[in-house]
Structures are given as C-alpha cells and as structure tokens.
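One chain, chain A, appears in both complexes that follow, with chain B as partner in the first and chain C in the second.
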Partner chain A sequence: MMSTVTQDPPANALARITLRNGFYGALLVVLALVPLAAQLAGAGNWTSFATQILIFAIAAVSLNLILGYGGMISFGHAAFMAIGGYSVGIASVYGLNNGFAHLAMAIGFSALFALVTGAIALRTRGVYFIMITLAFAQMVFFAFVSLEEFGGDDGLTVNSRSEFAGLIDLEREPTLYYTVFVVLLATLYLTHRIVNSRFGWVIRGARSNEARMLTLGHPVYRYRLTCYVIGGIMCGVAGFLFANYANFVNPEDAAWTTSGELIFMVVLGGMGSLFGPVLGAIVFFMMEETVGSIPIVGIYWKIFFGPFLVLVVLFAREGIDGWLVPRAVKASDAALADAIAPLARRLAAMLIDVALFALSAWLLIAVLGGWLMTLPRQPYHQDLVMIACVYVFLAGILVNHLVLPASKWRGSAGKIAMGLAVVGGDGRTLAPAQAVQRVFGQVLTIATALIGYVWMVADREHRALHDRLAATRVVVRGRLK
Partner chain B sequence: MKQPVLQIKDLQKSFGGVHATDNLTLDVTPNEIHAVIGPNGAGKTTMIAQLSGALMPDDGQIVFAGRDITRLPAYRRSHLGLARSFQITSVFLDFSCLENVSLAVLAHQGHAFRFWRAVRGDRTLSDPAMASLERVGLADRADIRAANLAHGEQRQLEIAMALATEPSFLLLDEPMAGMGQSESARMIETLNTLKRDKTMLLVEHDMDAVFALADRISVLVYGQVIATGAPDDIRNNDAVRKAYLGDEAGDA
Partner chain C sequence: MLRPRSLLHRIHADPSGPDLGANLPGRVGPMQWVLFVTQFLNGLQFGILLFLLAAGLTLVFGIMDLVNLAHGSLYMIGAFICVSIIQATGSFAAGLLIGVPLTFLIGALVEIIALRTLYARNHLDQVLATFGLILFFDTFAHLVWGPEGLSLQLPEILDGSITLPGDIVVPAIRVTIIAAGLAVAAGLYFLVSRTKLGMLIRAGASNRTMAGSLGVDIKLLFTMVFGLGAAMAGLAGLLMTGTTSEASIGMGNDIIIQTFVVIVIGGIGSIRGAFVAAIIVGLVDTLGRSYLDQFLKLFFTQQNAETAAPALSAMLIYIFMAAVLALKPQGLFPPKTR
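So, the complex of A and B:
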C-alpha cells in the first residue's frame, strides 16, 4: 500500500518558529520598556496596570503547565494565589515583614496544599477532577472568610510590603514591576526547561494518551502530582507578588471566578504554548479595561468575554498563539502579488480612518457636549445623552471596521477613499467570520503596543498581524483581476 | 516440556452480565509464539488487557516468570519485561514517530524525574528509538507526526513502541489488523526475527499469519479456551472447526 501522506516541509516549520518568536521577542522588549514609557508619558498608572497583568501572567503560565501541558483541568488554581497572598498578609499581621520568610511560606504552603489536594484529586478523572479541584479551592475561600482575626470576608490590608534586607525595595513601583517581570521571565524559562525535559515529555505523553503511558511503564500518577505541585508553587509565588502589589489580600483571590479567569487566559492565549498564557493575560486585562469602561454594558463585560472565548476556540483552537502560525500559502495567493497595496497608501488610509474617528469624537464631545451644557441642568438627562453618544461612536467603529470590509465596499472608509480593498487570500470579499477574525486581530495588534504593525513593513505582502491572523491582504482595487 | 513463562489460571472477568473472561486457563512457554484465535467478542482483547494490567480480573491468577502479577499495576509489568501492542492503534498522535518510540525508551530507562536537560538531541534516547524504528521499517518516517502516518505505518509504530521497552514477552493484539498484504508479509517477517529472543502471545485474525508464525494455537470462545495445540491439531480439531474456523479452515 502506497502512502499518500505528505511530509511536513521543514523550511515551513522554521518560518513559523521565526514569526512566533519574533512576536514574543518584541513583546518582551515592549514589556521591559513599560516603566520608562510610563515615565515619559507621565502616566504612572501604566506601570501599576502592567504589574497586575504580569502577575496574572505568571499565574496563567503556571496553570498552563498543569492544564495545557499536563491536561489536568484544574478549576481551583486560584487557591494558590490566595495561599501565597495570605502568607504575606498573615505574617505581616504578626509584624513579620521579611520577604524571604514570606516567599518561603508562600512556596511551602502552596507545595503542601498542592501535594495533599493533588494526591486526592488526581485519583479522579474528567469532570470529577474539575469538581474536586473546585471544591478544594472553595474550602480555602471559606477558610479565609471564617478567619475573622485576619479580616474575614473583608480581606486583610498588608501594611508594609515584603522587605528583602535592603536588596530590593518593593515600595518603589518600577522596582516592583521589574521584580515581577524577572519572576515572569524565570517562570517562563523554568517552564520551557521542564516541558522539554524527560519529566515534561512524560507529562505531555500522559495528556496525549494515558493508557499507553501506563502500558509503556510510566507511573503517570506521581509525575502528574509532581507537575501539580510545581504549578501550585509557581502560582503561590504569583500570589505573594499580588499581595505586595495590591497591599491587600482577600478571600476572593481563591474564588472560583478567579480560577475561571485564569482558565480563560490560558485558553485564550493558547493551551500548551509557552507564551500563550502571557498573551491571554494581556488581552484579558486590556478587554477588561476597554470593554469594561464602556458605560452600562461595561459592568457586564464578562458576559461579552464568554462569546469572545467561544469565538477564539472556534476560529483558533490553539488560542491566539495558534494564530501566530501562518497558514500555508496557497497557489491562488500568488495572483494577488501584483495588486498588493503600497505602504504609503495604506498609511494614508489609516490616517484618514484615524482622522475620521478623531473628528467624530470631537463632534460628539465638543459640539454635542457643548450643546448639552447649554441645556438646563438635568444631570441624569445629560448622562443618558453622553452614554448614547459613546454607543454611537462604538457603532461607528464597528461599521467602519467590520461591516464595511465584509460588504461590497470591501474596506474601511479610509481604504475606500484611497482606492484600497481588503480581500481574502483567494482575492474574494471577506466572509463575515473572517471580518470578525480580522477585528480581533486588530485588537491584538493594538493591545500589544502596535507590535503587529511592524510586520507590515517587513512582510513581502505588507500584511500586518491581523492580516496574517485572518489570512487577508490589502490590495489596490484597480489592479485586482 | 519447558517450564511455562506465563501462566493464566482460572481467570474471570465480567462486564455486567457478560462473562468476557470465563475460567480462562492458558500457559505460554519460553520463546514460543502462542497464537490465540477466536470469533469477535470472544474475549481476546479483554484477556490481553488483564495481562497488561489495564484491566483487573475479578478472580483467578496470572503468574509471569514465577511471580504473581495478578494485581500488579500496569507500569510495573512493563519493567518485568511485558509489553503490549494495541488492537486499536494507541500511539501519541501529536508526537513524531521518533518521539513516540522515545517515550517508550524513556519508560525503560527508569524514572523520568529529570527536569532540566532537553530530550531532543539526547542520543541515549534517540539512538535506541531509531533502532526500534529500523526494526519495523519506519526509520525513514522518524520525523513524521504519528497522526499523519498511513494506517499500516501506525500499526508498525505500535510494534516499534512495544519493542523499545526491550521486553522478553510481547502481548500482540491483532498486529496485522487493517494491513495490506505486503505490510502483513513484512510484519510476519519482523515477528519471525523477534522469535529468537522473545516470547509472544499473538492474538490475530489473519489465519495465514497465524499458521505461518504460531508454535501453538489456543482457541478462545465465550471467554474460555476450548482447545490448545499445534497448528495442525487445531486445523483438524472438529470442535474448533465448528465453533470458529468454519469455511476459513479450508482456505488456510
């Protein structure tokens, strides 16, 4: 019997590694520059916001070791956040501010909790494992709620941050940020070593086919338990950092909602990819910040996060990280080569769109807002009108970037004005799903400090990140056959 | 007669009301290929699963190399020299061929509590893994993902993985299932060369293969061995003809 299976071309494999690594490399550079940029821009809260993101990124990376590589769907990972956090909080109640002691306790208690609960939970499979990890985390939640002397359900204020014998001053925001950044790098490196080691292979093998691993002679249970403990410790350290960041610990840190958010981050970023959870954490908080700040619906922003996650799972099983693997180039793509839009024209189109937004925002705020001011003072009435304006503005963005490109006009207002069109790799008008994907891609491009636009310059077909993700090209209308 | 290396005594296993294994008794002597044949649903896979430790018997005893392994966990049996290949291909689909076999080599090399050094490029794993792939004729497919292999190749990979744990005893559950003729011939050849230093319990539907390879054949019907003997005896056994071989006996 002849084999009809095609061989994976190695050249292609190299190309995808380069694209992905290039993106993550640029992301790390941007992250390293956050405090500097914040200082230049005079926006101190950027550093604080980024600190929070990176702490959750550490927690998400640690969950990914268990969930993504190990295939153990833990719904109780946030318990380790709380254990690490309360190690700082309770110690400081007794006047113990030594950071080394805090860290040792965070690691020790997390390891112990992981060992005991993991030993029990890992005897179960599937839904039972999910439920039992959830139950253990809820036990931690209620334990801290019932500890009245440590704040009960009000939480506990951490009066002074962990002290490291004058070596590191966590009270300084940039120092705290870089400490978190370095811990994240260390966590990533450690995870990288682990998943590629013999131990990591056994863990990944057990995720792929447990029965086979057992038959081959691997005592899967003890490897999984070890993996669970390592992930728990990493997350305990994230909890230690979070208590220092927030100066506050709270039973909520262990709640199932926090565990659920961590799962969101991992799935969104890409299970079983090293950097995926970091991306997931960034996009999660960016969405919380942007969507969450929209009046009215913002309160319920997580309702939008659900469908968003479903879309991610539908369009990119491997999460955002999976998008970073460019699709194979089809023969039909070559036909578009002559029509690719020059950079200058694209830039002009972009500027037109931006100008359009600025103009409409100005119209809404200055003109309409000015007119509102002249009205008799009716605060409630004014608020309502302003809220309506925000929605009009958002609807405008959606029409311009989602509806227009998928319609027969094939592009945003700026592109139409510059005679450009967005098309699929086959030269056709975008399908609605593809247009949605492109908008998500644009969110990612912007959310990661415009890194995605860098490719536009480097790429032969001038595709930005979102073009790559949605497999689209921007072409000159007249040159399209 | 040589001392048996594997003894199955009065083994019992039922699923609900179905007696999949019903008072099963069977011996395998060193370096023989002992074939087990029987109609679909006779309990062949269930028997193999109990021998490999994937299923625990309700009652009875399994003795391997003089040791009672009836309740031994599956992973411990592998280290005693028992290896199993699966009827329904059970490989690591998202790993390459070489990686699949490397996971098997890894199991044979003792514990894997090593967290730092990368597996890729570790010759102590890849060399034996490659040797196993060569044995079954898959060496040129080493870097292909198992999911992208043709069916016959996946069957070969099954065997390569079982071999990589350097077993003395192979439990083979229909290794030729779904193979083309040339692939089957190649597999028969491979198993024949293994015969020198390995004992095999071979469950197989392909009668040509069974009669070409087996030293002894046992016939399993409704979870029970109804006959054991040399291939010629089995071919001419009336009870067997009636219960199982039927028309096929004529062809074989």
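So, the complex of A and C:
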C-alpha cells in the first residue's frame, strides 16, 4: 500500500495516467456534475445527500493527514466537527450571522483545542494516545450536552446560514454544494502539498521510525503537534459546513461513534492515500442510505455494518485506493497460456452464478418475505427471522465469491461446475486479499456498465478488468499442469 | 436531511439526582454530613462498578495486548441476559447464577470467533474491529429485546434501604454492590496472586511468548481470561441495572469510556492501578456532580457558578485524566513489564 505513496512521480505526464488516476479524475467530474444531474432528474435531494457526503469527506481527509500520514491514531476527531458546528450555532444564537466571523471562530477554536489537547496527548504513546484523544472528544461532547442555554443534548437549531456579505448565498442548495466541493478540493490540494513537503516527509518518516527522525535532528513532537493542529482546523471547517448544511448542531457530532465512523472511512478508502478517504466517505454513506432504506432490514443496518467493518479490518487493509492499483503480474505465463478458459465456458459459469444469486434472492424476498408478511406481526421475532435469513443470504454470497475462490476449490460454484479455476501467477491459489481485490474489480465492472468485460473479449488471455487488477487468470482445471 | 442517529449517548444515570447538596448554602449542619456521606457512598459504589469493568479490560490488555472497545457490549449483553432470566424465573439468584456464567461463555465465544485473529494486529485494527462488534451487539440487543430495553424488579431484600449509624439511609442495592465488588476484587487478588491459573496469567502478562514456549496453553488461557473479564462485566451490568432498574441498549457505550479513563489513569495492564483509579474516578465524578457548584460559588457569582458547574462536572474526570497523563504519561501504576 505504502509503495504507491512513496514512489517518486514519473517525469512523463502521460505515464501518470493509470487506472487509479483515471478513476479519481472521473470521480471528480461526476462530483462536479451532481447538482446538474439532480436538476435534470428532478431529484433535488441528490444534491443534499452529496453535500453531506462531501462534508464528511473533508473530515475524513483531515483525519487521514493525522492518522494515515502522521500515524497518530486519534479516536476523537469528531470533536472538531462539533467545535466547528457550534461556532456557527452559538454565534447565531447571539444574532451574529457573519460567515467570515463564523469561519474565523471555527478555525480559531479548532486550532486552540487541537493545540491544547494535542500538546498533552502527544506526550503519550500507543494505546494511551487513542484513549486520551477519545477522552478529550468525550469532554467536548459532555460540555455541549451540559450547555442547557445552547440546547443541551437536544441540539441547537441554526436559524439562518452563514452570510458572506452577499458574495456566496449558502441558502441555495447548489451554491452550498459547490462551496463544499471547492473546500474539499482545497483540502485535498493542501494535504497533497503538505505531505509532499519537507514537513510532510518528516511526519511520515516519524510514523515509520521515530527514533531515526529524532537522531536526524528533527523536532518530531513539534512537527506532529503542527500536523495535528492542521488536521483539526480542516475538520473544524467541515464542522462549520455541516452546521450550515443541516441548519442544526448537536452534541452527537462529537460522539465517539462519529469518530469511529470517520476512522472507518479513512481505513476503507485507504490510509495514507490522498483520495482514499473521499472514496471511504462515499461508500459509507451509500451503504448507509441503500441498506437503511430497505424495509425492516434498514432499521437494523448496523448489524450488517458492524461485521462488515470487522471483515474490512481483517481482509481489506489496503483499502479501496490499494485495490485500484493493479497487482504486479508476469507479462506472459507460459505454463498458463495453454490453459486459458474459452469465453463460452466463462459465460456459462457466470450465468450459473447469476442464476444461483437470483434464486436465493427470490427465495429470500418473495417466498420468505411473503410468508413473514402473512404472520401476525409479533414485535421483533419476525424481524429476527428476517435478519437471520439475510445473514444466511449474505454469507452465501461471501462464501461463493470470496471464500471458495481463495480456498482449494479455486473458484465460485459456477466455475467449479464448469471445470474452471481462478489462479494467480504461476497457477497459485489466490490470497484472501487478492480475492477481495478481484471482487472489487467485478463491482467496478458492473458499476461502469460492464465496460470491464469488453476488455475480456479483446484480450488474448481473456482477462477482464478484475483479472487485471488482481493479476489473476481464469483457466480450465484439467489443463492446468 | 439529518443523519438518523440514536440517542444512545446519554449521561449515565446520575446516582445522586439533582444536586442535593445545593440547599442550605454555607451552613454545615448534620444534614450536610448525612448528604456528604451518602454521596460518598454513591461515589464508592460507582467506582466499584467501574472496577468490575476495568479489571477485565486491563487484564485483557495486559495479557493479550488487545484494545477491546466491545467490553461495554459484554456489560450490556450480560445485563440483558441476567434480567431476561430473572423475568422468566422470577428469581434474582437464578439470574445471577445462570446469567453471569452465560456471559462468560459468550465472552469466550466472541474471543474464539472474532478477537483471536486480532492479537497479531496493531491497535488501530483492534479499535476498529471491536467498534464494529459494538455496532453489532447494540443492534443485536435491539433486535432480540426490542428498543425499549428490559426493566428489572429487584427482590424485596435488595429493594429496601439500610440505615447506617448516624441516620444515614442507603439503598440496599448500593451496599450490595459495594460488598459484591469488594468481594470480587478480593477474589481476583487471590486468583491472580495465589492460584495456578493466576500464576499462568501473570506469566502470560510478563512474557507471553516465553510462557507459550514453556508449554502453557496460551490459546486456552486467553479464552479463559477473556471469559473472566466478560463475566465480571456481566455482573457489573446486572448490578448497574439494579440501581437504574432498567437494562437499555447502549448502556455499555456510556460506561465504557469512563472505564477507559479508569484504566488509563491506573496504568494499562495493572489491576491494582485499576482498583485505585476506579475508586478515585467514581468519587470525583459523583462528588463533582453534587459539590462543584458549591465550590465554584467561592470564586464566581452564583449565576455563573450554576451555569458552569454542570458542564464542568461532566468534564471533570477527563480533566483529571489529562492532568494525570500530563504528569505521568504511563498512568499512576505503570506495569513493570512492558
């Protein structure tokens, strides 16, 4: 994962056009067009939803500066969200609606809080640092809960959004969205400049070997503190934007679950990668929104999210950013060249898998769902059966597409039935991380309207996008030496 | 569009109620002393509950080097299981005697299924994965027991109150908690310092690789220790439910952070440190909530003091922890072997 960060940028500009950079470029274009698409589709809430995602993306990028690049495991980053938010909320209680003042206060108080708490927390190491940052955030949480005149634990409604002397009208949704978008771009650019500066290299050096950096004469403590303060300020700005977006601030913004979710976004996206946290934020909210909108199952979406988080930690530590970098692959593998599976058999294997998926989905939704609906509605017991069945369904998908391919069976049920196997270089069985990356490639292919499969037809070895990413080949079992 | 968020993060039920010490300012009569002793006992009781949680957490960290955020979930699950059994059988003793061992088993199961693979990982991975477990357990409790939680009717003997010398009336459940907690602490001390299992625990804590190569079944030992921690958490959950008379979803999330404060102040891995720090934190928190406004009135106007006191008293243990860590970054009793 880290090799992608520490590489020197290639001199040739064209050489920079990798799958990863192309993906991020496309992502930025899509993000820039969201309000337009929402307008055309007549779906105004898209813009609002995307605004929320991007605000948390800013927060995640700022946490990544501290956590991913700096190696400081802060479990209290959400405190800065709340501090930025309450800068708007409390000021507007006193009738101060000037956006410049709000922003200055959000930055000032975040910086001050980061400086004071960071100065104490950075004296500690390891798990003590995790706990003390958590405790400081908790302190902020309880402070806002106790401030009864500012809403207490009910939160505080922000009656009007920050006013920027008529320059920017945040009351208009698209304007707010583009403001957030520009702030995100600025945050990304700033992070890029920081981590590639001399300062940034000292921070990253201290993450891998603190003693060495100290021996070289770098004041690691001061550098880390500065990094911590910069990250805190960026997140304070995110909090400022969130208060404007939601018209509401809440002690919950500082809750440790929010901090945990921010860490999750960073880890899922890819620690120590510039764009990774943005992806992490997008995937997190997409998941919350899609799973959360399913009837019954949606109420309990965290019962799926929790184990998913555990699986990400156990098997997907490269993060999405790491998956976008193709694994190194031998240019041609003579031993495998004769065994490459013909397209027809691959298609048949795929159809079997799709049929299995469709059948189990139909069993789950139509049969089981229909049967449950006919029962008298016993509180929770029905839900329990429902969730248990969804669990079995998801476990089935997991086994078919991840566990089986990475086991001695070397392929999903469809592939096994058609006598095919998925192998890595030299015909080896896939490593778990490799299988995960391959599934990610498949999701990417499906999400891009099957463009990845075009590759499969054109390629001599019939390797689709996911095979290229994971450096895998689909071969006929019998012909494998 | 606001993110749907639960209201899980309430302050733990204030054992003292609205500040009882606020009346009769300036006059220290017998009434004041009674109140003070009552508050002191409340603080002691809260501290002992914290110790029951902190002991398991600090053992697990000291021996397995595992940061387990989900310890609070075992506390909650333990409470739910015990209360369910009490509701089903009508017997408090049955709930205690079946529920707590059951929590031991659940803890062992969680260790075997989910946590075993995390020992080799770094602290960030452990924090994130056990955070995932919290989300799972909270929703699981919601699914199985419903969103309202379970209410507990204490047996008569625990429901009444006890009159101590000097007309101090204390609810029996609080005295029970103090007694039970001290008994567990003594039992734990005996277990760790006087028994074979305790010897293995200490061996594992000082050098687990060495202990493993000397033929100790480290895997089994870890599962046992984790189960022990879970059982103590479950007991704490039941006892806490005795004072609030309700087991609720997210009750573990409120108290787990305070437990972390305890083990950080005490020095992570030290049971003795956990005990001392738990009592201090319990007292600071409870007495702070009742007497901080009085204290502030010495320096500020009445109105300012009354405004600042609630916020400040809620922050008090965190300020205390920051102060301890600023002076002793390894906590009050840093374990010698690490």
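Quick note on the criterion: the second predicted complex is superposed on the first by the 307 of 481 C-alpha atoms of A that agree within 3 Å, B and C clash if a C-alpha of one lies under 4 Å from a C-alpha of the other, contacts with A are read in each partner's own complex, and residues count from 1 in each chain.
Assume a residue touches a chain if its C-beta (ideal position, glycine included) is under 8 Å from a C-beta of that chain, and two chains touch if they have at least 3 such contacts.
What you see is a predicted model; the values in this text were computed from it and never measured.
Trainee: In the superposed arrangement, which partner chain does A:149 touch: chain B (first), chain C (second), both, or neither?
Mentor: In the superposition, A:149 contacts chain C only.
Trainee: Looking at A:479 after the superposition, I want to know if it touches chain B, chain C, both of them or none. Which is it: first, second, both, neither?
Mentor: After superposing on A, A:479 lies clear of both chain B and chain C.
Trainee: Looking at chain A, does chain B or chain C touch a larger number of its residues?
Mentor: Result: the larger residue contact count on chain A belongs to C.
Trainee: In the superposed arrangement, which partner chain does A:209 touch: chain B (first), chain C (second), both, or neither?
Mentor: After superposition on chain A, A:209 lies in contact with chain B alone.
Trainee: After the superposition on A, what does A:199 contact: first (chain B), second (chain C), both or neither?
Mentor: In the superposed model, A:199 contacts chain B only, not chain C.
Trainee: Examine A:300 and indicate which partner it touches, taking first as chain B and second as chain C; both and neither are also allowed.
Mentor: After superposing on A, A:300 lies in contact with chain C but is clear of chain B.
Trainee: For A:428, using the defined touch cut-off, is the partner it touches chain B, chain C, both, or neither? Pick first, second, both or neither.
Mentor: So A:428 meets neither chain B nor chain C here.
Trainee: Could you look at A:218 and tell me whether it touches chain B, chain C, both or neither (first, second, both, neither)?
Mentor: Touch partner of A:218: chain B, not chain C.
Trainee: Considering only the contact definition stated at the top, list the common interface residues of chain A for chain B and chain C.
Mentor: Touching chain B in the first complex and chain C in the second, no residue of chain A appears in both lists.
Trainee: Considering the complex alone, what residue numbers of chain A touch chain C?
Mentor: Contact set of chain A toward chain C: 45, 48-49, 52, 67, 73, 75, 117, 120-121, 123-128, 130-132, 134-136, 138-139, 141-143, 145-149, 153, 246, 248, 250-252, 255-257, 260, 263-264, 267, 288, 292, 299-303, 305-310, 312-314, 317, 379-380, 383-384, 387.
Trainee: Quick check: in the complex, which residue numbers of chain C touch chain A?
Mentor: 1-5, 7-11, 61, 67, 114, 117-118, 121, 123-125, 127-129, 131-140, 142-146, 253, 257, 260-261, 263-264, 268, 307, 310-311, 313-315, 318-319, 321-322, 325-326, 329-331
Trainee: Show which residues of chain A lie in contact with chain B when the two form their complex.
Mentor: These residues of chain A touch chain B: 1, 3-8, 193-194, 196-202, 205, 208-209, 211-220, 223, 226.
Trainee: Contact residues on chain B for chain A in the complex?
Mentor: Interface residues on the chain B side: 52-54, 73-79, 83-84, 86, 90-95, 99, 102-104, 106-108, 112-120, 143-145, 148-150, 152-153, 161, 165, 180, 182-183.
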